[in-house]
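These are the structures, in structure tokens.
One chain, chain A, appears in both complexes that follow, with chain B as partner in the first and chain C in the second.
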Partner chain A sequence: MNNSFVSKETLNKILKELAAAEDVLLYAPVLNGKVLDFAEITDAEKIAISDDISYKSPKEAFMPQAENLMTFSEGGVLESAYDKKTVVFGAKPCDAEALRVLHAVLMTGKFQDPFFERRFENSVLIAVGCASEKPGCFCTERGFDKEFSDFSDIMLRRDEGGTGYTVTHLSGKGRELLSEFNETKGIEAAKRTAKAQGTGMKKLELDKSIEDRELFDIIDWDKATEICQGCGMCTFICPSCHCFDFKDVSTFSETKRYRCWDSCMYPQFTLHASGHNPRASVKERFRQRVLHKYLYINKIFGYTACTGCGRCIRSCPAGMNIKKIVESIMEVLP
Partner chain B sequence: MSFDAQREKIKEICKDLLEKGLVETVIGYAEGGIDGARIPYMFGTPEGAKALCWDQRCVVNLCTYAYEKRDRKTGVVAKPCDVRGIVNYIAENQLNRENVYIIGVDCDGMVGADGEKLPWCAECSVKKPPVYDVKVENPDITDGESAKKEEPSSMPGDFAKFQTEISKCILCYSCRQACCGCYCPVCFMDRGVPNWQPAEPGQGAKMMYHLGRASHLAGRCVECGACERVCASGVDVRYIIKEATKFIEDVYGFRAGFDTETEPVMAAYDPGDREIGFLGGEKHE
Partner chain C sequence: MNNPYLPVKTEIIDIVQETFSVELDVKTFKLRAADGAPMIFQPGQFVEFSVPGIGECPFGFASSPLEKGYFEITVKRTGKVTDMIHSLRVGDFVWVRGPFGNTFPLEAMEGSDLFFVAGGLGLAPLRPFILHALDGQNRAKYGKIQMLLAARTSMDHIFAYEYGEWRGAKDTAIDLAIDNPEPGWNEKVGFPHNLVKGMELDFSNMHAILCGPPIMIKAVQSSLTEMGLSIERLYTTLEMRMTCGVGKCGKCNIGKQYVCIDGPVFCMAELAKMPAEY
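And now, the complex of A and B:
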């Protein structure tokens, strides 16, 4: 770790340069009407720096909603090129933690995802610590520090005077990007409130040794999911949801292969060609969503695929609350 | 009559319904959302009525739950837009009138977490339930002109605005899922044969979706705003649907969700219908 300081003015200058740079894609929070969005930026003036959390997550920068992977034609197979550097500015610590999950699933398992990998390797994640928890946030209960995540390349924390940010470089990539701008070297290893990892409180998570069948029976999933409308919004805005589908698009001369986000909350997700659907209703779908996040990914990769960002709770049109559901599971377990 | 008085009356009615065994389940609102929002609440015992809420944060349209429970007798605490959704289901033969007990509640509009009236509520002119089994009135509320009259857009002059609006859409189809008018078991957008969805997930697909959905909701939208509320991208989802609603009202004098007997306008054909409703018919003035 290596700490320094950056003033607001300098940061603005850096962002302006990044936004203008042809070979850099800059993603940042931006106000879209009343909604705080996370999007590609070309005009640094548009960046909305605030403590608020964006409705959508920054995962799009690493896994776009629709990505053209390759083109087939008589000339052969052409993989789509991707050579831009991506800078993601203004992600929250929970977003960085979500990237840790995506990285584990897509890059460390039995199969590697080259398309995610090239975006990941080409990116610099600049996270900004949160001053407060927003309604619905539960990162602390999940054991994270709302001000810090070491899965970012650069971690910024507002300094108390409000003149700028304490910068913690966590990777070579991060150091490189900001090297010319370090204003004060060697600031004390940030006055970080070390109440990280939710000390003193029971962490919201499920024991890996639990058998899912057991949970199928001891939880009244009908009751737990009766208000869910199956809209799927929770999965699209979740920073750690990563299920996808492929789609081939043909014209007379070529076929393009896309990868698109998919959602376990959609009926088509598990629909068999025979017409049979093993997850026939919202009950099975939502149960899968919770257990995939809290149990299955944990069993395989050692992480829970929920960072407590609260996006699904804030965006749910029905008022479903994943935190309460996990709490209720924890309550009935021995 | 205040919210409190209405709430007490709602509790009394629901308790009574369950005690007398007139319904199996009641759908209303209870605490539990973030920022004070109320969430849908279903219960089947008279004691359950104690937890009922009724205030300005009862935003969710409950008619989709009544539809989910259409195989049994259900009581619904229904705002005028919820009632219109239920009536629409009944008129379209999706729900038996006998299976739903409508507790119609006068409503002057709901507010968001910021205390501001929700946009669709600000535009709403139906404040008293058009159909009910029992009503929970509020004499301070009168039907009539909405506070905010939307300027009708002039298609196709506003086509550019429509294009900009939907360019924000990420095609998650959440608006469709939240809508009580969108109950098709398989949406046209999900069909493979024929494949209505343009191949690339770009502007073309977004147009197909929003134009398709708007035309399917012509004369069926009950103006509840559920679609717009769910949208993560801040799309003015009802922009073109409002246009279709207005067109149907101008041409056929029909508004959805007011009575269970009238044949839905798009299901009815009368040789005397104005040509304007047909493709290639007279021009829309």
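And now, the complex of A and C:
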């Protein structure tokens, strides 16, 4: 047996210990009815190991849907404490790549986000490569490897016999975690074999040299967005969407300030106190979603904020398809 | 790591009722950190101001950056948060974080004439710049200073108690305007974009700084550029919904810019290249 191999039994034992550990939060895919979900678990038996993609992404392990940031009281303001180690098991390479985007947005630039930072620094992301692409997936068109992301801490590839996993990437944090278990002490990442993906495929992306305004009329945005209901589901299940709002919740003696996921698909997102709204229509808002992801964030932070996980396409109640919209832009670009 | 989301306890040390009518109820709040630490800012920047339990809003600084003992924000009563802010009293504590955002290019404008055009509450974010330029130690750095200060009615000019002093400054001219004629009003009547056409303006070495309702900014800009002022010499400050103030929450994003980081001050030449989503 080579020193990159982790047997199924060993992995199960590790997950069991992590799930039971009081000082560790373990996030993993679980079955919620028929839906493959991502959740915090304390019982490793509940982990649903599957090649399928979870309905929700593991984003909330790093940026919870509602996170208490601080508490105001007579005594002043107290930043909320957080010192737990988080282990995320069963993320896909597209989820790991999306975390790279969140990290770029929240941790680079003029300011850094201390709440994201402490969760990120205290986390170990264990990703498992996909054996196949699912309907709606387009990570390979986005230029990613369905089996590999080096933004994971431990990258696993299922071995074909089904007896276990090969470690294909290890970060310092990943190595540290594995060294805590006798069975995986001294484990090394296997040499990476050439990336398996189609050749001659045009990468789905927009050139950074395009002026923002050029894309405002390049396609018929009214037509492209006419079926959108503006429900915002796409932004909530997206692993790289990160826009947020603050909400205060008061009790008799104190006020807690929460950071909550928000969505560019909602009119209130940009509504001014005066009543003026810079993005008043669904067309303008969906265009913002596409261009923020594919152009603006790439210009500002260096990454396209879409990793081709396909969640928004599979889950949209109206059948919106961001991939087709970007393709239609690429077709008419000079 | 310094936490940019954590606000500082701040005391309201004075409140001035600027205007008071059903349509326009504006107050200026004079503020000082509870621990007395000065707020160091430059004209154009803003703070995130919060009343716990009600929420947090961005407001541009409205006071002189040279004043180290306090700072001011001017608030129009217009919604849930501003209703609450207007009910605050002197001695109450609020929470403030900042300063955020960029500044007017003060140094780049040195040596030139300045023309401030403000509509209504739009004068508030220009006041730090005006007070900076009119201050004795800075006045010589700028040429002639002209202002067109417009409001809906004669009761709606904010900081009106200061205009006498401003008018008294060297080589400084102020035109006041209201939308419709009123008995006893001897100054200008009309909309700013029409009024500028009748003003004596020398564009040979001038920067114009505009702030007001979006429609006023657009109309004045087109009048001034038609009259011959380059858009490179026109500046404004944008209002956007801004939750975080630090370029993360996504709300103030316009194209590749975040208004809270890359603005709120923009040169019109730069704005002309941006999507018009403001």
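Following the convention adopted for this analysis, the second predicted complex is superposed on the first by the 310 of 334 C-alpha atoms of A that agree within 3 Å, B and C clash if a C-alpha of one lies under 4 Å from a C-alpha of the other, contacts with A are read in each partner's own complex, and residues count from 1 in each chain.
In the analysis below, contacts are C-beta pairs under 8 Å (C-beta built on N, C-alpha and C of every residue); 3 or more make two chains touch, one makes a residue touch a chain.
Fair warning: this is a prediction, and the values are worked out from it, not measured in the lab.
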Margin query: Going by the contact rule set out at the top, does A:Val105 touch chain B (first), chain C (second), both, or neither?
Written below: second
Next item on the list: Pick one for A:Cys260: touches chain B only (first), chain C only (second), both, or neither.
Entry: first
Checklist line | chain C versus chain B, contacts on chain A by residue | finding: C
Next item on the list: Mind working out whether A:Ala81 is in touch with chain B, chain C, both or neither, as first, second, both or neither?
Entry: neither
Checklist line | Residues of chain A at both interfaces, chain B in one complex, chain C in the other | finding: 247, 250
Margin query: Using the touch definition from the top, list the residues of chain C that touch chain A in their complex.
Written below: 1-7, 9, 50, 52-57, 78-79, 81-82, 95, 213-214, 239-241, 243-244, 246-251, 253-256, 258, 261, 273-275, 277-278
Checklist line | Interface residues, chain A side, partner chain B - complex | finding: 32-35, 37, 55-56, 65-66, 135-136, 226-227, 229-233, 236-237, 247, 249-250, 256, 258, 260, 263, 266, 268, 310, 313-315, 317-319, 321, 324
Next item on the list: In the complex, go through chain A and note every residue touching chain C.
Entry: 69-70, 72, 76-77, 79, 105-106, 109-115, 117, 211-213, 216, 242-248, 250, 255, 257, 262, 264, 269-274, 276, 278-279, 284, 288, 291-292, 295-296, 299-300
Note to self: Help me check something: in the complex, which residues belonging to chain B touch chain A?
What the structure shows: 32-35, 37-42, 60, 64-65, 113, 168, 170, 172-174, 177-178, 190, 199-201, 226, 229-230, 232-234
